[in-house]
Amino acid sequence: MKNLRGVVGGSVAVVVSAVFFLVPFAFIFVTASKSVSESSLLKFSWPQHFVLLDNLKQALAANDYLMIIAFINSVILTVVSVAALVLLGAMVAYVWQRRGGRFAGVINVLVLAGLIVPPAVVPTIWVLQKVGLFKTMPGLILIEIAFGLPFCILLFRAFIASVPRDLDEAATVDGAGPVQIFFRVIFPVLRSVMMTVIILQTVFVYNDFQNPLYFLPGTENATIQVTLLSFQSQFNTQYNLLFANILLVTVPPLIMFMFFNRKIVEGMAAGSVKG
Amino acid sequence: MASNLSTPDATRVSSSRPARPTPGRKNRGTKKNKGPYPYWFYLVPGVIYGLFFLAPTFSSFYYSFTRWDLFTATWIGLDNYEQFFAEQALVIGLRNTLIYAVMTSGLKVVLGMALAVLLTSRIIARGYLRSVIFFPVLVSTIGVGLTFTVLMNPEKGLINNALGAVGVAGPGWLTNPHLAIFSVGLVDVWKGVGLATVIYIAGLVSIPQDYYEAARVDGASSWDMFRHITLPLAKPATASVIILSLIGGLRSFDLIWSMTKGGPGFASDVIASVIYKQYQAGFFGLSTAGSVVLFVLVTAIVVPLTWWLNRGETA
Amino acid sequence: MRSHSTRLRVAPLVAVATAALALSGCSAGSLGGSSGSDDKTLTFLSPNDDASVASGKALIAAFEKANPGVTVKMEQRPGGSDGDNIIKTRLSTGDMDDVFVYNNGSLLQAIKPATNLVPLDDQSWAGNIDKLFADSSTVDGKLYGGPVGTAFGGGVLYNIPIYKMLHLQVPKTWDEFMSNSAAIKKAGKVPIEQTYGETWTSQLFVLGDYHNVAAQVPDFASQYTAGKDKYASTPAALAGFEHLQQVKEAGYLNKDYASATLNDGLKAVADGTAAQYPQLGGSAAAFDQVAPGKGDDVGFFALPGDDAASNGMTVWPGTSALYIPKTTEGDKLDLAKKFIAFATTQKGCEAYAEGSPPQGPFLSNDCKLPSDVSQVAKDTQAYFSAGKASPALEFLSPIKGPNLEQICVQVGTGQVNAEKGAQLYDDDVEKQAQQLGLPGWS
């Protein structure tokens, strides 16, 4: 009985999810595979002439292979800033949660402010110029770190609260210093929430287009999302190329997803609700 | 209930207090225990955050009291705030912001919970379903916005064609002024419900099975069990979903901008898009004043709510 | 000391992190080729629409050919208000390219030319350019913009075969326009195409009507700038909003007016689905791409007003010009000036026209239109030659409310009526004037 219900319920869910979640992606795929004129009809149909590869090639080759440079830039930006966010966010959250004290209230306010206040563009550029990092990748990375920290700290803090203090204490008794305790004892325990932080921040940084647009201007510095934005106005007569671009932009998350699918859903689950 | 909302305690508003305050650890203020938790861990992140976020933000507060064209700034006191509140789009924007935030977080709670219950029950293809629902979370907002703008095209779009095939005349999803904000909200839910579902799955999995067994022995129906076990015990998850999606909803901008740019007319403007348009128009002081207003609004809603949700949890 | 030893141990980690940051700095963008900063290289910032990019590239190629050893690198930015933002941000932070393309008229004033741009009065070409263009590129008595491309009109693109088939005359008054539209509707065609999916296209009925406003209220521009004349209280100015309302209420619009885009509209008027499309003449450059081979089926007439005698076209004396920011100095400045001067020569104009076909007269008096120009360009030229052309209001006044396009969509979709729309726009204008700190508006 129960199994029958599972099969029926599951089948219904599969059909419904296919309509709601797979069709939009299928639409991206078929539109990216069509010729210019066919794609402009915006129909959800199998292409008469399947020219996906040509379209992808054209999209990649547009503006002197800007896409490829943008891919490299996006990967550097995402990897470095997410790595830094994980490390720094965990450090702050650890001391904040464990020690409390005078600074705890201040940090609480700062973290909340960071979540809520929209950043101010022009004064930020002035700061970047003063320290000589405007229009540089390290500058943009530091910006992404500054804007992403509050959220990371919050996630880490929630999780660290569930890590027993006995762990730190045992390590202290064994004579370990703060850095050793943090890296050898606490950091490894944070694995599942770390997955959450990594995924969410990767999504955030990779998909961000406003910050690169302002803080890293210049064609040769483009990131993936910025190219998508400029293709939107450039290819407004060529839906097939526009969707070929969307398809290309969606590939890296798709790959990440296929490799880490299980871990992602489990890690998200473990990390997002306090233990 | 109302009394619960008064005087939020600033040190408790974060979504989490230590879930397990270890008893007998009250003496952590003593010198001996400070050891493993050095303040210099704050140093690097503090410098980055202070330099690249706090300093510019504080200086921008100053500019909210000026007429500022990026080249020169003239002090004009509260004029910008006055003008911001006199903006006709603001009334629409304020209403839409609240509608959007409440609608998206409400739907994410309901659908997220429903999907999580479904996906933790014994059905086939669970792994596939979890994946397919979660994937949109990872996809670029602009890409999603562009795709759905095309799908929602009133004449040629797939959605209305499909509706037409079953004899329903589809509406102008994004072109009908009364509908546009809801259509964008639906796309937001589409993209974000995966995250809510996963958070709920985590919450549901952590509920001990014994409770259900016991209830079943007592002859409780499925609905009773959901109502009296699942719902109350998933409250931390509900709190996370509400807070995350409410902050997101109140600040939301990307999706609205890529789909309607606040249109038709001003019909789907939210506060964030009003601010952005003023920024685009070169009213930098005015738009900064708008950011301050948005900040106050989000704080006024989210802080008490967080406090209240967390309070309920320990009570 | 225990803490001492652990601090040492963490050092390598910090070093690795720092190195990663530093490395990332080097690799980003180095694929893009050497960003040469020698004196023979200019950077040129262009809007990223197809036409601007194509004509900019053609201009660069011709310039490089005429000046061996010189390289001009094109950078691109989005158009519209996103572009405004980028221009302002980069100017205010001293990070502008050596030469850039930007609007003249009211938008030019908003980027503070006196503080940010190099004046070009002393250039040899300065006395030899279109008067309207020179006026709208001059701020406080100094010329800042170099001419690029052509002037064009704002009016109605119309499908010539439909007009011929129904034996219609080009309308000289609003009433004729409406009765033409009635006839077209009767014949089963779409009388008037509107494309609110791209909001800016909604403004034509208001902006393109300015020739008629000026005919009835000659000092409107100055009175409006001084805060005395308002759209809502000046019948001639209100007419544009009323027209928007009328065409909607008469049911003359295409069915998908709320979601259609510029390209949809151009396609419709070129292939004869729709008969008339209020638009900028410059948009006709896209016919080749949107409706290949149909471009010559489309003509262009001025938006008609009440009086046939004063019929004439509202024109945009070049929506954009070439500017040099103050941050361009030394040899680069000379090279930048040379580049702008080149754009005013026949060779420069021809190169530009190669990239995107001209839709109106060139702005430099040294340039002649080729003989095989589009019908739209010929029709526009006729208004210029007859002296029946006035510049749009945005070239006569620094104030243009930023929300006009949204307000026009509101009126055009029936969300508010014309009077209300005009009032909303007056409020919008007031805000802009206050932000500009103009006298008489506090």
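Order of writing sets the labels: A, B and C. Residues in every chain begin at 1.
Operating definition for what follows: contacts are C-beta pairs under 8 Å (C-beta built on N, C-alpha and C of every residue); 3 or more make two chains touch, one makes a residue touch a chain.
Bear in mind the structure is a predicted one, so any value in this text is a computation, not a measurement.
Among the remaining chains, those touching chain A as well as chain B are C. When every chain is reduced to the mean of its CA atoms, the largest separation from chain A belongs to C.
With centres set at the average Cα position, the gap from chain A to chain B is 17 Å. Chain centres here are Cα means. That of chain B falls 38 Å from that of chain C.
Among the residues of chain A, those touching two or more other chains are numbered 121-122, 126, 177-178, 229. Multi-chain contact residues of chain B (touching two or more other chains) are listed as 35, 38, 70, 153, 156, 279.
Counting partner chains per residue, chain C has residues 3, 89, 92 touching two or more of them. Residues 10-11, 13-20, 22, 25, 28-29, 34-39, 41-42, 44-45, 48-49, 51-57, 59-60, 63, 70, 118, 121-144, 146-148, 150-151, 153, 156-158, 161, 190, 195, 198-199, 201-203, 205-206, 236-237, 240, 247, 251, 272, 275, 279, 284, 288, 291, 294-295, 298-299, 302-303 of chain B are the ones that touch chain A when the two sit in their complex. Chain A makes touch with chain C in their complex at residues 63, 68-69, 72-73, 76-77, 80, 83-84, 87, 121-122, 125-126, 129, 134-138, 141, 175, 177-180, 213-214, 217-221, 229-230, 233-234, 236-237. Chain C contributes residues 3, 81-82, 84-85, 88-89, 91-92, 110, 112, 115-116, 196-197, 199, 255-256, 258-259, 402-403, 406-407, 409-410, 413, 415-416, 424, 427, 431-432, 434-435, 437 to its touches with chain B in the complex.
If you check the complex, the residues on chain B that touch chain C are 35, 38, 67, 69-72, 74, 79, 83, 87-89, 153-156, 172, 174-177, 261-267, 277-283, 285-286. On chain C, the positions that touch chain A within their shared complex are 2-3, 5-7, 9-10, 17, 20-22, 24-25, 27-29, 31-33, 35, 48-50, 53, 75-76, 78-79, 86, 89-90, 92-95, 261-263, 286, 289-290.
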